[in-house]
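Below are structures written as structure tokens.
Two complexes follow with subunit A in common, the first pairing it with subunit B and the second with subunit C.
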Partner chain A sequence: MQTLELARVLDGSFAALSVLAGLGVIVARQMRGTLYLFIAHALMLSASATVLAVSLHSAHLVWVALITLVTKVVAVPMVLVWATGAKVYGRREVEHVLSIPLSLLIAAGLAFVAWSVSQPLVQAIFAQPFAAINVPAGLIAIFFGAFTVAVRREGVAQLMGLLIMESGAFFASIAIVHDLTIIAEIAAAVDVPIAALVIGLLIRSIGSVTGNTRVGQMVRLRERR
Partner chain B sequence: MLLAAMLILPATAALLALVSRRSAPWVTLVASLVVLWLAVVATLTVITHGPLVAVHGGLTLDALGALYLLLVAFVGVTSSLYSIGYLEVRHRFATRTVPRYRQYHPLFNLFLASMLAVPLLTNLAEIWIAIELTTILSAFLVAYEDRAEALEAAWKYVVLTTMGAMIALLGILVIYAGVHHAGQVPSWAGLVAAAPLLPPAVLLTGFVLALIGFGAKAGLVPMHTWLPDAHSQAPAPICALLSGVETSAALYMILRLYPALTHNSGIPGANAWYLVAGLVSAGTAAFLILQVTDFKRLFAYSTVEHMGIILTAAGLGTAAAHLGTVYQLFAHALTKSFCFYVAGLAAVTLNTQRIKGNSGLLIDSPLVGWALLLGALAIAGAPPFAIFIGEFQVLRAGFAAGQYLATGLLTIFIVIAFIAIVVQIGGLVFREPTSGQTPARTLPVSSVLALGFAFLPVLVFGFYLPPPLRQLIHQAAALLGGAV
Partner chain C sequence: MEQVLRFEGECVSVFVAHIVANLLQVGFLLVFAPLVSGVLARIEEMLQGKHGPSIFQTYRDIVKLFNKEELVSEDASWVFRFAPFIQFVMPIFVVSLVPALTAYPLFFAFMGDMVAAGFFLALGGFFVALAAMDTGNVYGPVGASRTRMVGFLAEPVFIMVFFSVSYIANSTIPYAVNAAFSASWVTAFQPAHLLVLIAFFMLILAETDRIPVDSSSGKVEIAMIGHSKNLEYSGPGAALMKWGGSMKLMLLSIIFLNVLLSPWGLATSMAWGDVFFAMPRVLLKIMLFLLVLASVEMSLAKLRLFRISEFLATAFVICLFAMSIRLVGLV
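Entry: the complex of A and B
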């Protein structure tokens, strides 16, 4: 019983840190900073999966922890830097859609909404001891990621928002699904670096054709009269 | 082996296309022809013997899956044939950039493989991966012409649909967990079997997340904004795949959740989700078609309208309406791919995609003019084309079920869209040719051939359905109604 309590405390700490990392991606202006915060978020996902694996004696969650570590913490950052070009990460987003205080205020509201909408699901899943921690934290990451895509103009920042959403979905699901088939786990692991590679290459193409990677300012396509 | 071969073939063709640029179009065409043949064989087996299972249960094909598989395989063949001549012409007239010709065929084959995987995979989580891959593998096909506009369209497409996919991922995993806890295999059949036992909060949460997530990819309003941009910039054969079958893949996912939702007694008004989402999309798109000034964007908004019609049809909730739903899904994919093939040739002929300021296409290029007119009439729902049968079946079923408000609204939206499409395209094909227009160009033979092949089912299925196909549509509609 005490072990479970300790595991819940540890998992809660990792969940809190993952929420902070997600918040950081919303407000960090340096592109390199957003990449480090994504890595931190992925590390928290891996740590949470490890705690759950030990506590629930689940071999599948050990796989999730390892695969997350290898793909998101190591492979994705390497692929991204290679695909987009290292120069992009030295950039700083200078024109903000929203100020940092306003972004934080909206993020706090989003966290509250995510927590509230996750409660019916958490209550419906009676037998899952970590659902009350991971499901809200995962949903908050999804909301933060979507908000990042909406308010950031740099391609790399928007991509980090997408990746945080994906990590959020897995953060929530490891507490309720302990038995994804190994094929699904491997395929999901391969899918993320492929997505990062393609979107990274797209950012590079945009940079070489338009001269910058501020994708939020691309407004050529619209209905013409 | 039959099911696995349909995934292995396009993947192998992608490798071969990467190795030899010269033979890439022919390798793609041959591979897609063989896939079509395999899809027909597999479908006939499903019709007579029930669902096919392969690779230790990793692959499954039932009637609804077989119908979608046939659509992907058929549009794959016409699209690869169309591409042969079309890309050459586009390449010749592309003045501002060098298109990504070398990447086209390998990506085309991989994109096709990912769409074929959607109806073939058994495991719900693996199906999500296939759906996500359809976006990733087609991003550079949308950005084929390496211009700022094409890259902008590709970015919007990737970002919006990937956002949707991430939301859908959580929805699918929530449903996966529920099905597993109910002691069933996490597959479509397992979901239907587990549905009555699932806590309503689990099923409803999973469904709402999937509706939002897959809805973004299907182009449902208000997540539709990527669709007209991507279709205005992507090459015509890619538009045919995107609008004809890729958006249908996302809709297929939403439709497959329908029987689970309606078989859970704790979720009252399950049909209302489909009705509201469908009517909002159909209505908004009908009015947007009125204002559009680019004919490829017009057909893109028409896709949004048809996604709405299909969802509304499902939400009407009767067996007759489900028959209409499945028929409409089938007819739309065939007709819309034809429309984009014509739009591509019209753009080559006119050297523009703008409706305003252009007219007299029937005189400038009678073949393209007539084909565009027929395509517009077919997609708008005029008889004797296949869409007419689907829409008529849906409206008749809706009124017969006493769903007067929803069916009445749907009728109004269909009529508005019909008028808008006919008026817009009518202005382009009739009247005197605009003075100073670019002289008509020679049309690529392969593209004209593909146009002919694509038109056959659009016309024939409007008044005759071969018995096996009719049987397949009935079996697929029964699955939508909850049959296992």
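Entry: the complex of A and C
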């Protein structure tokens, strides 16, 4: 009983840190910082999966933890830096649509909304010991990711928002279903680097044509000559 | 009758031992605070690839300043002369209330809680800010108003940290908080505790004029926040300000490490050997903390003045999350 309680507390701490990393992605002004925060978010997902694997004696979750570590912590950042070009990550003082204190307040409100929305689901699956932690944390990450896409003008930051949303969905799902076949996990995990590659190349292309990657400011269509 | 007398005698000896241990805590802070500042400065210089000053440089500076003549502006009032003493004395008051060397409560332990500790430190800051405006120096009022701005933004975070801590530990007495956090692994690793630690660490950076809020080694007056307040001081006044500043840094480190993080290294028995050997253990903890502090400082850039609100707003939201996690009874 004490072990399960400790596992819940550890999982809660990893979930809290993942929420902080998501918050950081919303407010970070440096592109490299955004990338590091995404890596931190993925690391917390991997750590949470490890805690769940040990606590629930689930071999599938060990695979989830390993696959997350390899794809999101190592492969995706490498692919992103290669595809978009290292120059983009040197950018600092990237502007926001809203001011940062206002974004923070809205993010706090979104976290509360996500927690409220997740409660009926958590109560429906009360038999899962970690659902009360992972489902709200995952939903918060999804909301934070969507908010990042909405308030950031920079293409790379928007991509991070999308990836955070995907990680959030994973964060919630590992607490609900922990017997997913490895094939499905590998398929889901491989999707992410490919998506990162495609969007990264698109951002690179936009950058080479228009001279910058602030996709939020591009409102008119223009033919490519 | 003999038993009652023996019991009374034991009570008196415990009472005296607690007062002596309290004084030992004050001595510990007074003696080692300049060393802590010196080590931090040296680590930072080394991380920048420089040799850096000796770790005993702060002691030398203090001794040198005490031997110098003090010059005070003709326009200065009593506030200017009084402020260094307040800056120097307040950390001494606060260290009597917190577990600096012993895990068990000492004589002054229940005379003030964490809110009182915050009040004492804020009082020191208030007088120093007043003194900076007192002489008519150009940079003093600029530094004072900037410090008040940072203080004004840090205040809600401080209050939220106190609320979160009292909510998690069911007490605001530092010794009780320390005991509550170290009761078991489950309480030590709870997410609300972790978030409060992060928020308090950010507060330490803001309150002790460290990067990203202020540059402690910066020499450009126009960019200064904390240091421009001390520019007008000379001689013993400057020495007290420097010593007080070092004590504040060491005190906040002690509160972070011993009250909020882990009481490891503190004396658990009343044996004098145990209490004395707590000193190197606590110093070791502080040195490890300084390594972390210096690494964080070196990996961040100084924020522009109006970006400081963003940094402290983040700390506030982190506290808000900590409170919410406890309120909804998640973990």
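Keep this in mind: the second predicted complex is superposed on the first by the 217 of 225 C-alpha atoms of A that agree within 3 Å, B and C clash if a C-alpha of one lies under 4 Å from a C-alpha of the other, contacts with A are read in each partner's own complex, and residues count from 1 in each chain.
By our rule, contacts are C-beta pairs under 8 Å (C-beta built on N, C-alpha and C of every residue); 3 or more make two chains touch, one makes a residue touch a chain.
Quantities reported herein were computed from a predicted structural model and do not represent experimental measurements.
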### Message
With both complexes overlaid on chain A, does A:G22 touch subunit B (first), subunit C (second), both or neither?
### Response
neither
### Task
Applying the touch criterion given at the start, work out whether A:I125 contacts subunit B, subunit C, both or neither, answering first, second, both or neither.
first
### Task
Considering only the touch criterion stated at the top, classify A:S173 as touching first (subunit B), second (subunit C), both, or neither.
first
### Message
For the three-chain arrangement built by superposition, which of subunit B and subunit C touches the greater number of subunit A residues?
### Response
B
### Task
Would you check which partner chain A:S205 touches, where first means subunit B only, second means subunit C only, and both and neither mean what they say?
first
### subunit B versus subunit C as contact partner of A:P77, first or second or both or neither
neither
### Message
Taking the touch rule as given, give the residues of subunit B at its contact with subunit A in the complex, in rising order.
### Response
58, 97, 123, 125-126, 129, 132-133, 136-137, 139-140, 143, 146-149, 151-156, 158-159, 162-163, 166-167, 169-170, 173-174, 176-177, 180-181, 199-202, 205, 229, 232-233, 291-294, 297, 354
### Task
Would you mind writing out the residues of subunit A in touch with subunit C in their complex?
2, 5-6, 8-10, 12-13, 15-17, 19-20, 23, 27, 100-101, 104-105, 107-108, 111-112, 115, 132-133, 136
### Query
Quick one: in the complex, what on subunit C touches subunit A?
185-186, 189-192, 194-195, 198, 309-310, 313-314, 316-318, 320-321, 324-325, 328, 330-331
### Message
Quick check on the complex: what are the subunit A residues that touch subunit B?
### Response
120-121, 123-125, 127, 138-139, 142, 145-146, 149, 155, 158, 162, 165-166, 168-170, 172-173, 176-177, 179-181, 183-184, 187-188, 191, 194-195, 198-199, 201-202, 205-206, 209-210, 215, 218-221, 223-225
